[in-house]
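Both complexes shown next keep subunit A, but they swap its partner, so subunit B is in the first and subunit C is in the second.
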Partner chain A sequence: MLKIWSMKQKQQQDEAASAGTKKKKVTAAQLRVQKDLSELSLGSTMKTNFPNPDDILNFELTIEPDEGMYRGGSFVFTFKINQNFPHDPPKVKCTQKIYHPNIDLEGNVCLNILREDWKPVLNLNAVIVGLQFLFLEPNASDPLNKEAAEDLKVNREGFKRNVRTALGGGSVKGESYERVLKK
Partner chain B sequence: MTLAMTGTVELEPSQPSNARAKWKHMDTVLDRSGPFTDPDFRPGETPKESLARAKVLVIGAGGLGCEMLKDLASSGFRDIHVIDMDTIDVSNLNRQFLFRQEDVGKFKAEVAAQRVEKRSGSGVKITPYCGKIQDKDEDYYKQFAMIICGLDSIEARRWINATLVGMVDEEDPDSLKPLIDGGTEGFKGQARVIFPTMTSCIECQLDMHAPRAAVPLCTLATIPRQPQHCIEWAHIIAWEEERKGDILDTDDPEHITWLYQKALKRAEQFNISGVTYSMTQGVVKNIIPAIASTNAIVAAACCNEAFKIITSCNPCLGLPGTDNYMMYTGDESVYTYTFEHQKKPDCPVCGNLSRPLQVNQDSTLGEFLDSLTERPEAQLKKPTIRTEAKSLYYQSPPSLEEQTRHNLSKKLSELVENGEEVAIQDPAFPTTFKYKLVFQK
Partner chain C sequence: MKVTFKSWNAVAFWRWDMPADDVCGICRNPYESTCSKCKYPGDDCPLLVGDCNHSFHMHCIFSWLRQESSQEKCPMCRQRMSFNGLPRCLIQEV
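After this line comes the complex of A and B, so read on.
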């Protein structure tokens, strides 16, 4: 045991002694999120909102696509990150009821990197790019809202019209949607 | 005292030489050096004394923990502490051999400690603590010579790892606690030794844990193929929709029954058979099949390392510059491989330990950040800074910059406590800088 300590001393001879103990330390998850946030490239179509700026593990992301079928909409997602990040993926949910093949009426999102393909090397930027992509290229082969997926597969033009109706707060196939048009 | 009356000397911890009788077999390795023993090793009383005195902590009294306690006690450790928050479940009895039917519902740590203590006879003291590892502070962990983990959660491993790394005080040799970690999953397992701050830590090795296999959400929602898919659907989607606000308690039989019924109905719709109550429990609680023998192999490896670290009788796993990770793979014949997992220079836990930094508590946060950009070792361009509790200043994203900007004109003394840790990041650098801000006056 003593031998180990002498090795330690040799290893860190030039390190200064530390001061003060028992103060709360910045957690590993916070450090990683902080790093991810500093590398975020939001562009003009996205913005974040931190209800409590001290808590960077919980925030909202608004996406306002400037092209594609969902252009003109304003979509708000909540990000919940636990202390096991980045081992666990962030929990992402859409806060509005929208008509989208990969997002169900409860706001659950089917995005591979949020579940089965999540890896600790991925970062928040990858998730944000993935979400943005869902609005540019809704994917009928991974349906979470089955009706919407079927609609997209069978009649793309009709689906586009239904998306416009839903964005405006109208109803599609008996289900009414939230008005999510950009103000 | 029957032993004393028949002329046998009573085994008392205070009489190490006599009490050692039952560990006589260990003398073969303690009374002489072997070909690989460190030249500084002095056979005989010294290592025996170290062994008798060492106070060690076992975290977890489950599958691995039961084995570890038994192994440690029979290799000559006398003062063992064990910590576990769980109670005994009937499903534990097949492999957690210290527990009996009548123990179901009792605390694992308590029963395990009692059983091993009783079986080992006098001379071995096992002290249980029934609760979370997070209940205890640095002073508690400081009393041990080393920590041996038999855990099933990554979160708990990361916590104890970060705690032990943070405890290392350059001026106090006693603050460095070797961490021995065992883990098993079915036929696979690993044993590793960490010298906090000196060698690769749990956080450095995070990518060694296979992530939990997940099924795409759309499969669950639309085309389940397996009974497990129906259970996951009930767990993730149905519960959220129908019992919003209720927090799912995986130990509550009513909750599991509800999920089971939901899953069963869904399975019927899709013509899937095989959903059972116990499968529901398994999927929801993410129970990984545990194999008693794998636990025995890994626990034994961990205890031998503990023994070697304490006695120095043979080279141990984990010394800087040597192998520190032993993986065992038994699911495809038998394969073991021992290697050195490298310390990560950018590890968020051990990569950059916080250094004290003298600051003027009357200067503003803005002035402090400006001074950092001038520091030769930092040369930061756009620093972002926080404490554990507060976001002090974020350069990005824009909304957070706006919300934290007002802090720039505040005095440091208004924002941080003397000696508090801050983490500073800059897009120009891959690593985090951590400082403990020490006020000048």
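After this line comes the complex of A and C, so read on.
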């Protein structure tokens, strides 16, 4: 009478048989990224860009802070998400050479939720809010650019000036930075 | 009037004892649905409630706990994750 179990088995067998011929499946990571992207709240200071619209696992995020020391800058980050997402955090890098205590000259970002404090219940919005926060409140403890952190710690006004210089493409302490002011 | 049953078919309906609109924090699919790797909800893709009272699809939470970076902690509250007092390694996966 109850044939549900055998029906289900048959269905699964059929699927296994046709799996080889079917076109590529949407992966768990892609599904989750799709959900995260649909829930992003970027506001007016951020926008995303998909260089390859078919690949939602690799994209760019531009942050243009409208307050704080980094106001007027335009910062472009790349997001690389692997197939183990959300168990692994996205890999985020700044594409420009900027003067910031928590971003090194290669563009590596020091943000706890991108490393040791990542957990799969966090979403892309949490990461993006974290990045935005770094520009509002650069953090002198646990720095990647030690010189910038030292400047921020001992001489906040001097640090602010250095930020303005670096944003305009000038050099700070012999290190030249990219011009990242909004056009 | 006398009625004689010649045959009958039973139809049943079941659901998880969970708020209907809630989603698994890891895959963001509804608890009622499966994790992103499964096709059929129900016994094939069950839910698991930790001792901290946070619940996930079993496949979702186990793939997290298997990973070293999880340190066997609940992704919601960061408490050490156990199920009825047992750690993950003592629970057999479906």
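Assume the second predicted complex is superposed on the first by the 161 of 183 C-alpha atoms of A that agree within 3 Å, B and C clash if a C-alpha of one lies under 4 Å from a C-alpha of the other, contacts with A are read in each partner's own complex, and residues count from 1 in each chain.
Simple rule for what comes next: a contact is a pair of C-beta atoms (placed from the backbone, for glycine too) under 8 Å apart; a residue touches a chain by one contact, two chains touch by 3 or more.
The structure presented is a predicted model; accordingly, all values stated were derived computationally and were not measured.
In the superposed pair of complexes, A:Q83 makes contact with subunit B only, with no contact to subunit C.
Once chain A of one complex is fitted onto chain A of the other, the partner contacts of A:R32 extend to both subunit B and subunit C. Contacts of A:K47 after superposition on the shared chain: subunit B is touched, whereas subunit C is not. Legend: residue contacts after superposition of the two complexes on their common chain; A:K146 is shown touching subunit B, with no touch to subunit C. Judged by the touch definition given at the top, the superposed model places A:I63 against neither subunit B nor subunit C.
In the superposition on chain A, A:L131 makes contact with neither subunit B nor subunit C. Touch criterion not met for A:A166: it reaches neither subunit B nor subunit C.
In the superposed pair of complexes, A:E106 makes contact with subunit B only, with no contact to subunit C. A simple residue count on subunit A separates subunit B from subunit C, and the partner touching more is B.
Within subunit A, the residues touched by subunit B in the first complex and by subunit C in the second are 1-2, 8, 12, 15, 27-28, 31-32, 35, 87, 116, 118-121. Per the touch definition, subunit C reaches subunit A in the complex via residues 9-10, 25-29, 35-37, 39-40, 60, 63-64, 67, 69-70, 73, 75-76, 78. Here subunit A touches subunit B in the complex through residues 1-5, 7-8, 11-12, 15-28, 30-32, 34-35, 37-40, 42, 47-50, 53-56, 83-84, 87, 102, 104, 106, 108-110, 112, 114-116, 118-121, 142-144, 146, going by the rule given at the top. Interface of subunit A with subunit C (complex): residues 1-2, 8, 12, 15, 27-28, 31-32, 35-36, 86-88, 116, 118-121, 123. Per the touch definition, subunit B reaches subunit A in the complex via residues 38, 40, 50, 137-138, 145, 154-155, 158, 162, 166, 169-171, 173, 176, 178, 195, 197-198, 203, 206-207, 209, 211, 213-218, 221-222, 236-237, 240-241, 309-310, 312, 319-320, 348-349, 353-356, 382, 384, 386-391, 394-400, 403-404, 417-423, 425-427, 432, 434, 436, 438.
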